[in-house]
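The following pair of complexes shares a single chain, chain A, combined with chain B in the former and chain C in the latter.
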Partner chain A sequence: MSKLLEVEGLRVSLPTSEGRVTIVDGVDYAVEPGEVFGVAGESGSGKTISMLALLGLLPDGAHVGGCAQFGGRDLLRLPKRALRDVSGRDVAMVFQDPMTSLHPMLSVGKQLTEHVRRHLGLSKDEAERRALELLEEVRIPGPRSALHAYPHQFSGGMRQRIAIAVALACGPKLLIADEPTTALDVTVQAGILRLLDRLRRENDLSVVLITHDLGVLSSIADRISIFYAGRVVESGPREDVLQTPRHPYTKALLDALPHPEASERPLVAIEGAPPSPARIPSGCAFHPRCPYATEQSRVEVPPLVEIGGGRRLACHNDPFA
Partner chain B sequence: MTTAPTALADAPRARRSLVPSPSFLRFLGRRLVALVLLAIGITLVVFVLTQLVPTNAVTANLGEQAAGDPAAVASFKRHYGLDRPLPVRYVLYLKHVAEGDLGQSALTHDAVTHDLGQFIPATAELAIVSVLLAAILGITFGVYAAMRRNKLADHLLRVVSLGGISMPTFWIALVSLYVGFYRLGWFPGSDRLDPGQLPPPHHTGLYTIDALVSGRWSLFVQVLHHLALPALVLAAFNVSLLTRYTRSAVLEVAGNDYVRAGRAKGLPERTVIRRYILRAALPSVVTVLGLVFANVLTGAVLVEKIFTWPGIGQYAYNAAVALDVPAIAGVSLFVAVVYITVNFIVDVLYGVIDPRIRIT
Partner chain C sequence: MSALELHDVEVTYERRGRESVRAVAGASLIVERGQIVGLVGESGCGKSSLARAAVGLVKASAGEIHFEGREVAPLTRRARPRELTRLQMVFQNPYSSLNPRRKIGSQIADGGGGGRKRVAELLELVGLPPNAATRFPHQFSGGQRQRIAIARALAADPSVIVLDEPLASLDASAQAQIANLLVNLSRELGLSLLLISHDLAIVRHVADVVSVMYLGVMVETAPTRSLWEVPLHPYTEALIGAVPLADGSGFLPEALPGEVPDPAHPPSGCRFHPRCPYAFERCPRDEPPLLPVTEIRRAACWLQEPGGPPARPAERAAQLGVAARVE
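And now, the complex of A and B:
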């Protein structure tokens, strides 16, 4: 099957107080139609920035390199106007914090219809009917009155459902969800994940799910990419990556997950802290925290290579082979 | 905070967004009560001030001969209640204010209310034009500076607005009068109309509107010509103030997640700026606009004096110099009432702009 989105050699650098800093340093990945593609990594690993780059949402002064093929076009090279036609229509985004990602002064109905009317050219009534359907689809109780309500009248979980409805309004092919459950209560999280899973099945939708929580991915992702310090260190089908991790960082992330069924086991943390993007270590960026690091890890950046079974790995030593 | 949306399900299908909630109406009710209490408080302050001013009503109002006659002095004091204790006189004063009687000006020998009616239109016209100028220029500059953040235009506007905030209004007034009127001769130096020009037929007392209503274009232009310099001078500080506040309000809003979300929806940049950024920055701007109104009213005293503008500013100045206590008290009361009314309007506007205040 042909890929829906194919990103190659994506690099992003941003101007900071410490000079120009490379946040994303040559990232490759592909998203298949209808799949949930999980992107995991610690904060600051460049997950979010690499997604914002696709829709040109980076702050002023950002440099973007590489290419991102979507529907036969390179999103990174589209003129602003053409990119705006893709944004919200073919590619939509859901952000982390539903308390801040909806406009507090616009009614839910307005936020559900403004882009629909622009992208699909629907009349006010048609757009409102569509908005009602969407609110029903994301299971907002009393959709008719919700249309005239404002975001502050809803709880966090409900707001995230509204944000998802807004994102789905134009029937996009790709939904980028940036930590959509991080700001929510655990019980609400599961509901949102189930909703995303159902929507992608019903709507022939691909989802890029960004998270720092591998537990979130284990439930719905088809394939997973692990980001570290602006690079992909490992990727592959969900079961394979989570059950037999090959990169020491993936292994360490999994070991750090709390296991409810083994409560007597102490929580494990990864030694050290993720590097600041301004001071990425030489060679393999993970080597200062890696128990398997060798001299080669210190000097040479490991390339991301195929290791069979649809998996890719960036490690010189491959200690769990 | 987390209202159960199920409660909304039974609500009627009206345009809920336009219907103020009971809590907002209660909020407005509280502000209205506060407004009345404030107004009464102001009468007390004004009354106490008039008692503190070192002036003698007898010498100010009676001729030399009458002031020397004890019988005339006593009958004057009795007539004006000056022989009664202070609290009684305050109650009397309140009663007169309630009846619309602010006393008689010692300077014009007319009722203060009559004088105010005479001078308010000139000040109102100057103030309205000045606030409009400040709002249009200040908000435009502020938005522009924010959009061009850290570029040349932004730096220039920041320096200029710093200047505008730092320079005292009387100095700006003198310099612009010297340059605009005396050196260049581009603007008239005083009054609302050219010498000898009769005002347009009275409808509102605002010459711009009266001239338009009677269809006299050349007179309208003349009125604007006279307004330009004092209105600009009065606006200068406020333009700077608004530029700076608008800039920071816009920048604060522009960093919000929902602005990024709006862009991610593929909305045109124009819409993002107007609907997502400016709309959300509006409450902060409205707050400053209330301040601007107060600044214009207080600034009018100096500017009207310097530009010989026949408004209440000049009336207040002349009254102050002549220790014309009833006139000073009348102007103070008027300005204070206008100010608290403006504040009330600002409160209402918050509710109109922000549904989080209107519907809680």
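And now, the complex of A and C:
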């Protein structure tokens, strides 16, 4: 199948008080049409920055390298104006806090209609019909009255649904969702996950789902990529990666989670903390925390290589092979 | 005598120009010595208000709160009575509960006096090196800062610590470290912990007993394992069913229909009835009390009967001929 998005060798560095710091260091991945691609990692692993880079949403002074093919064009080399057209229409994004993308002073209807009028050139009446459709699509109760309400009148879960409706307004091919359920209760989270799952089935939408929660990825992602310190350490089909992890970091992340069948034993915590992007360890960035690290891990960066079955792994030792 | 006892506690917030809100509407909870009690529920259920009332940070508008048999008076401008300092609290966000301009050592010493040696002991207790004392909060990761906040609470030589979402802002690896630390501290020091959390999976690992709160009231209390094996209240069942598992199976967790109602206008009868798949005639009419279903379990649901036998809501509904509503 042809890829919807193909990212190769993505590198991002940002100016900080500690000098120029590489946040994303050579990341490769591809997203296929209609799939949910999960990106997991702890804070500071570069998972969000690598997505913001695609949409040109990085702060001033950022250096970006590599390429990101989307619909025959390299997003990283598009002029700002062209990128804005793509990012408004074909690629959309929702964030952890829906209030970062919703305007607090504009009615829900205004935010939905403005978007479709700008990017799709619809008339006022057509835009309003489309807005109503979108609210129904994301299951906002009483969509007609919701059009005239303001974001603060809704609960966190409903706001996230509205943010998703705004993101879907122009019929994007790709939705990037950055921790969309992290701030929500589990009962509400389950509703948003079901919504995303339905949207990708019914609308042939691809979703990049960024989260620190492997449980969330396990419920809707088709393939997943595990980020650590600005690199991908392991990727592959959801079931394989989560059931038979091959990278010691993936294994450790899974062991640190509360497990229903073993609630009596203590959680197996990973020693130490993820490194700051300004002080990434040499060789394999995970080596200081890895029980399987060897001399080679300390000096040589392990490349991300194919290991069969659509899986890729960046580990010199592959202890769980 | 229990370590901490809350009886029919109410917390009411007055709002200028609008009707007041009863965030906690008569909730009872007991923490025994050395026990870890988990308090779970969705945001807005009143669990944080109850936690704050338990340590005297907000005033309970009704009910009784006793710490080691002594009444907990709300905090005033005066210093707390010495005995009450053994009841401590740790907050969700260690970034805002620590002073960014002061060194760790002096902030920990604030908690209970003692010199450098005592501070070093406390740091060791939470797994930090002694030289952490001379550094500032920004030099630590989120997990380490939460350790520091715990060390400061321990400085007062507490017998009970109330922790409000202590793991919520941490990454998975730090979360596991802090969860294990809390269990070890409780076991080693005989500490009682009241752990408030929205994360059921972690509570399951840590707590001995769990109380489930919905819209200001307790709906179920049980030893952790039996609560998970056979939830008695439909709300507990829904909460457990909504937790996603990282087993790679692609199983989509169940969503609970509807939203938590406005606590200023709670539904009549059982507060959960508008969202409950098993609600029947009695539920919108009468509010169910938290009744003992077995010796060790309590539930506030008309499907259950005092004396049991305890059974899942679906099973009880079938026995009683109540048709489940499918959304």
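Just so it is clear, the second predicted complex is superposed on the first by the 317 of 321 C-alpha atoms of A that agree within 3 Å, B and C clash if a C-alpha of one lies under 4 Å from a C-alpha of the other, contacts with A are read in each partner's own complex, and residues count from 1 in each chain.
The working rule: contacts are C-beta pairs under 8 Å (C-beta built on N, C-alpha and C of every residue); 3 or more make two chains touch, one makes a residue touch a chain.
Keep in mind that what you see is a predicted model, and the values were worked out from it rather than measured.
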{"item": "Room on chain A for both chain B and chain C (clash or fit)", "value": "fit"}
{"item": "Contacts of A:T100 with chain B and chain C, given as first, second, both or neither", "value": "first"}
{"item": "Touched partner set for A:D240, first chain B, second chain C, both or neither", "value": "second"}
{"item": "Partner chain in contact with A:I140 - chain B first, chain C second, else both or neither", "value": "first"}
{"item": "First (chain B), second (chain C), both or neither touched by A:L214", "value": "second"}
{"item": "First, second, both or neither for A:A149, with chain B first and chain C second", "value": "first"}
{"item": "First (chain B), second (chain C), both or neither touched by A:M158", "value": "both"}
{"item": "Touching partner for A:S87 - first (chain B), second (chain C), both, neither", "value": "first"}
{"item": "Which superposed partner A:L57 touches (first chain B, second chain C, both, neither)", "value": "first"}
{"item": "Closest Cα approach, chain C to chain B, once both complexes are overlaid on chain A (Å)", "value": "7"}
{"item": "Overlap of chain C and chain B interfaces on chain A (superposed complexes)", "value": "155-156, 158"}
{"item": "Residue ranges of chain C in contact with chain A within the complex", "value": "42-43, 141-144, 171-177, 179-180, 183, 198-202, 204-205, 224-225, 228, 238-239, 242-256, 259-260"}
{"item": "Chain B-facing residues of chain A, complex", "value": "52, 55, 57, 80, 84-89, 92-93, 95-97, 100-107, 114-115, 118-119, 140-142, 144-146, 148-150, 152-156, 158, 163, 166"}
{"item": "Chain B - residues contacting chain A, complex", "value": "1-6, 8-11, 13-17, 256-258, 260-269, 271, 275-276, 279-280, 353-356, 359"}
{"item": "Chain C-touching residues of chain A, taken from the complex the two chains share", "value": "42-43, 155-158, 185-191, 193-194, 197, 212-220, 238-243, 252-254, 256-258, 260, 263, 266-270, 273-274"}
